[in-house]
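Look at the two complexes coming up: chain A is in both, with chain B in one and chain C in the other.
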Partner chain A sequence: MSRPASTWVREAAAVFAKEWRSELRTRYALNTLALFAINTLVVVSASLGPLGAAPGKGSEALPVLLWLILLFAAAAGLPRSFVHEEETQTATALRLAATPSALFCGKLAYALTLLAALEALVAPLFLAVMNLDVARPGLLVATLAAGGFGLAAGSTLVAAIIAQARGKGTLFAVLSFPVLLPLLLLAVELTRGAFAGAPPGVALVQLLLYDGAVTTAGLMLFPVVWNP
Partner chain B sequence: MLPALRFAQVRRRFGRLAVLGGVSASVAAGEVLLVTGRNGSGKSTLLRCLAGLLAPDSGTIDYSEDGAPLDAAGRRRRIGLVAPDLAFYGELTAAENLAFFSRLRGIGRERGDELLRRLELPPDRPTAALSSGMRQRLRWAWALLHRPRLLLLDEPFQNLDAAGVAITRGLLAEHLAPSPIASDRPDRQDHPDRQDCQDRPAGPDLREGLAAGAAGPDRAVAGAAPGLAVVANPVPLEIGSVAASLDLGA
Partner chain C sequence: MKRTVASAPRLLLWLWLAAVIVGAFEYAPLAAKFIGQSSRILFFHVPMAWAAFTAFITAGVYSLLYLFGRRPPGSLRQARHDRAARAAIEVGLLFGVLATVTGAVWSRIMWGAYWNWDPRQTSIVMALIFYGAYLALRDSVEDAEKRARLAAAYAALGLVVTPFFFFVVPRITFSLHPEPVINARGRIEMNPRMLQVLLASGAGFTALFFWLHDLRTRVLTLAERALEAAAAGAYPADAANVASALGARASAAPHPNPSDPRGAGAADPVAPSPRTSNW
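Up next is the complex of A and B:
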């Protein structure tokens, strides 16, 4: 059943607003993501950073660590979006009232803003505690934006798939690995380039194509996954 | 053209367990189809199939509004459902929950406020802090929010006190016969071949609901045409209001 674009946008906006209203009441995802990210950051900085190791040591690995922190923090908080709907039985009301693609986009927008907030917290802290100089700050910002979008889109899609299954935690790890691996490889390469001052090459285009592909796949798959 | 629901040979299995083994019935505008049966007989499963929440393994479900047939996706959007497993966001208030779903459905907030008032629900209390009876009233409010023509009611009076039962019965009566001058069963001629239902005239309890205020100026189910309902485990709905019944047995 086709619906006007204005109706679709209104539904997606309603879902987005509801997600944030609920989040600001419970602060579950905000607290989980922030605490997980900061704890990991402290461990990493104490082990490898200026506080615990010689400067420059492991600089090749630092972009990997930045994206691992973001990945695991996202994995700790983002799947709850759909899982919570199933566990608290609010999914039935949503199925009967929301257009699936609008619901997916509302949830994706929520995950994206949540992840953007996480990146805004973690990235400056990471650069500070690791005493890193960024040769191409613009590229780093673009990588975080595109990588964050892909991470949010991939996590939202996988979260929707696992929401109705048993063993959700294991399934999320199993399914998100192949979905998010290309994203992480590209994001790490681009972040390394931003630190070293190397041009982005085709990696940034590939990352943007990945974002488009995952979002399109989500919009196409979600109605099938969501409804019987 | 008035809405009508007809389903035939609906079968549904869960693994090896056959829950619905070829169920057929039909219901027309202004009528109630009463679904009875013991626990585990498939009443809730049938209602979920009718709602489009569960795909039957085989069989047909035909539902049309204004002459246009609706598929499962269409039914999901149009029907009103009251069911024990229907829940709302505990961290949001009753008014916020209804406002969210109103926004999803493109309805103004006034409709939700009106239903909260009719169902005597506290608008500013978080849903998690509502009693089980209050939550059941909220399910009714949610189900009627978009003025559905087809109501699917699974244990609709569960946890309700006497006042709650009276209010919701009034709302159901109003749904079935929105105007006092409307005929009880205005589209009987559209369904001359109903062989699987036991037809009964609309009973006095519906008229009592109307007389109790359902048809007054504060009506919450304002619609020009009568709706229809499928009710599972309807205690304490009087059998006199039932136009057709379907016993799923054991």
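Up next is the complex of A and C:
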């Protein structure tokens, strides 16, 4: 821990680069996330039918669907970054090579970029397919950014926990959804406001507080989760 | 002699709660604007919710103690903190379910439906789901030290996340729930007699929680010790069955975990599981 800050940054950047390099070799998470999100979007849009096209009618329920698509896509792709380390037994090497907090930040940055890419793909498609008008585009972007950050931070910590347990896939859903529920409620409320043109109010502050709280908890708890 | 001394507080708690029950029905008046006798549920429902809240905070504190508490140099984390955290969550879930059920019964009388996603109902259900997930996590880790560590981290995360339920949810939806005892204006607007019974009941339920918590922790400790002894061959296999029925779970992995550089075998004071050796 007493290593200089530059070493720490270099370690975090190395973890981040390693994650993307191994991701680009297999493109497992990218394919899973994108295909999962598009599949769900098609199912949602096809089953809603013309309701999605009626302006004002669906704007109460549609933000919920957008965030559910993002949540489930994240649950399908994000846990892999830790589960893979345990399955291929590379976790020990990683424990020796990097400071836990640097490792956490590297993995968090990876999850963050992955989610940002997913949001950049899903959100415009969703708006187009549902024929939605956004009254406050800035608020929508801010919500996607803050919500994506919280989603990445919560998922990264829970993924580190479940990677060491049995029944990883289902356990990730069981453990992460209660953690991510406040985020989901706030993000849905803000997205609804962005569609309808309502001011963000205190919800955006609470969402940012949630992001800060979960990131701090992650930085404090990750070392004990990661190292015996 | 020692037993008499130990049971004196228990007798006092028993008398205290009996007095609370009598007070709730005979001493406290009925609240205005409530159907029939339904306001009397206040004296049991609110303290149950309070006890559940106390339990989850207690579990968080013991989890933090387990993870970051002081330990003698070179020694392992103290398993008793882990047992205390687990016991607190189990008892807390009991009180939480009771508070939810009594609330639903009252809601049926006053609002006409058992469940209507009132913010209070939503928050408590989310808290119950969170701590239910904690128990699910415990059941899916085999190594005792790892199980304790991961579960403690999750419970500590709960300390950070669950307060958001209480801030966020009530703001989003409209609530029919009666005002908290200390309302938003910072004043206590309640009949003094009702308040006396409520506070007495709150104290009684808090003591009840700590007593149950102590019992559960001791049962877990004894069960684990019995399991250890049975694995060493001191008891017949039946004793081990009883111990695991009481909630003790030894490590099922007799070999050191390959992903654990220090060796899980050394980190775990409990001997290999009787499931593999004695059954």
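Methods note: the second predicted complex is superposed on the first by the 217 of 228 C-alpha atoms of A that agree within 3 Å, B and C clash if a C-alpha of one lies under 4 Å from a C-alpha of the other, contacts with A are read in each partner's own complex, and residues count from 1 in each chain.
Convention: contacts are C-beta pairs under 8 Å (C-beta built on N, C-alpha and C of every residue); 3 or more make two chains touch, one makes a residue touch a chain.
On a predicted model such as this, the values are computed, not experimentally measured, just so you know.
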item	value
Partner chain(s) touched by A:Ala14 [first = chain B, second = chain C, both, neither]	first
First (chain B), second (chain C), both or neither touched by A:Arg95	both
Partner chain in contact with A:Ala165 - chain B first, chain C second, else both or neither	second
Partner chain(s) touched by A:Glu86 [first = chain B, second = chain C, both, neither]	second
Touched partner set for A:Thr26, first chain B, second chain C, both or neither	first
First (chain B), second (chain C), both or neither touched by A:Leu221	second
First (chain B), second (chain C), both or neither touched by A:Val179	second
Residue contacts with chain A in the superposition, chain B compared against chain C	C
Residues of chain A that lie at the interface with chain B and also at the interface with chain C	89, 92, 95-96, 228
Chain A residues within the chain B interface of the complex	1, 7, 10-11, 14-15, 17-18, 21-22, 25-26, 88-90, 92-93, 95-98, 227-228
Contact set on chain A toward chain C in their complex	86, 89, 91-92, 95-96, 157, 161-162, 164-167, 171, 174-175, 177-179, 181-182, 185-186, 189, 202-203, 206, 210, 213-214, 216-217, 221, 224-225, 228
For the chain C and chain A complex, residues of the former touching the latter	67-68, 126, 129-130, 133, 136-137, 140-142, 145-146, 149-150, 152-154, 156-157, 160-161, 164-165, 167-169, 171-172, 258-262, 264, 267
Contacting residues of chain B [partner chain A, same complex]	51-55, 71-74, 76-77, 79, 81, 83, 85-92, 96, 100-101, 103-106, 142
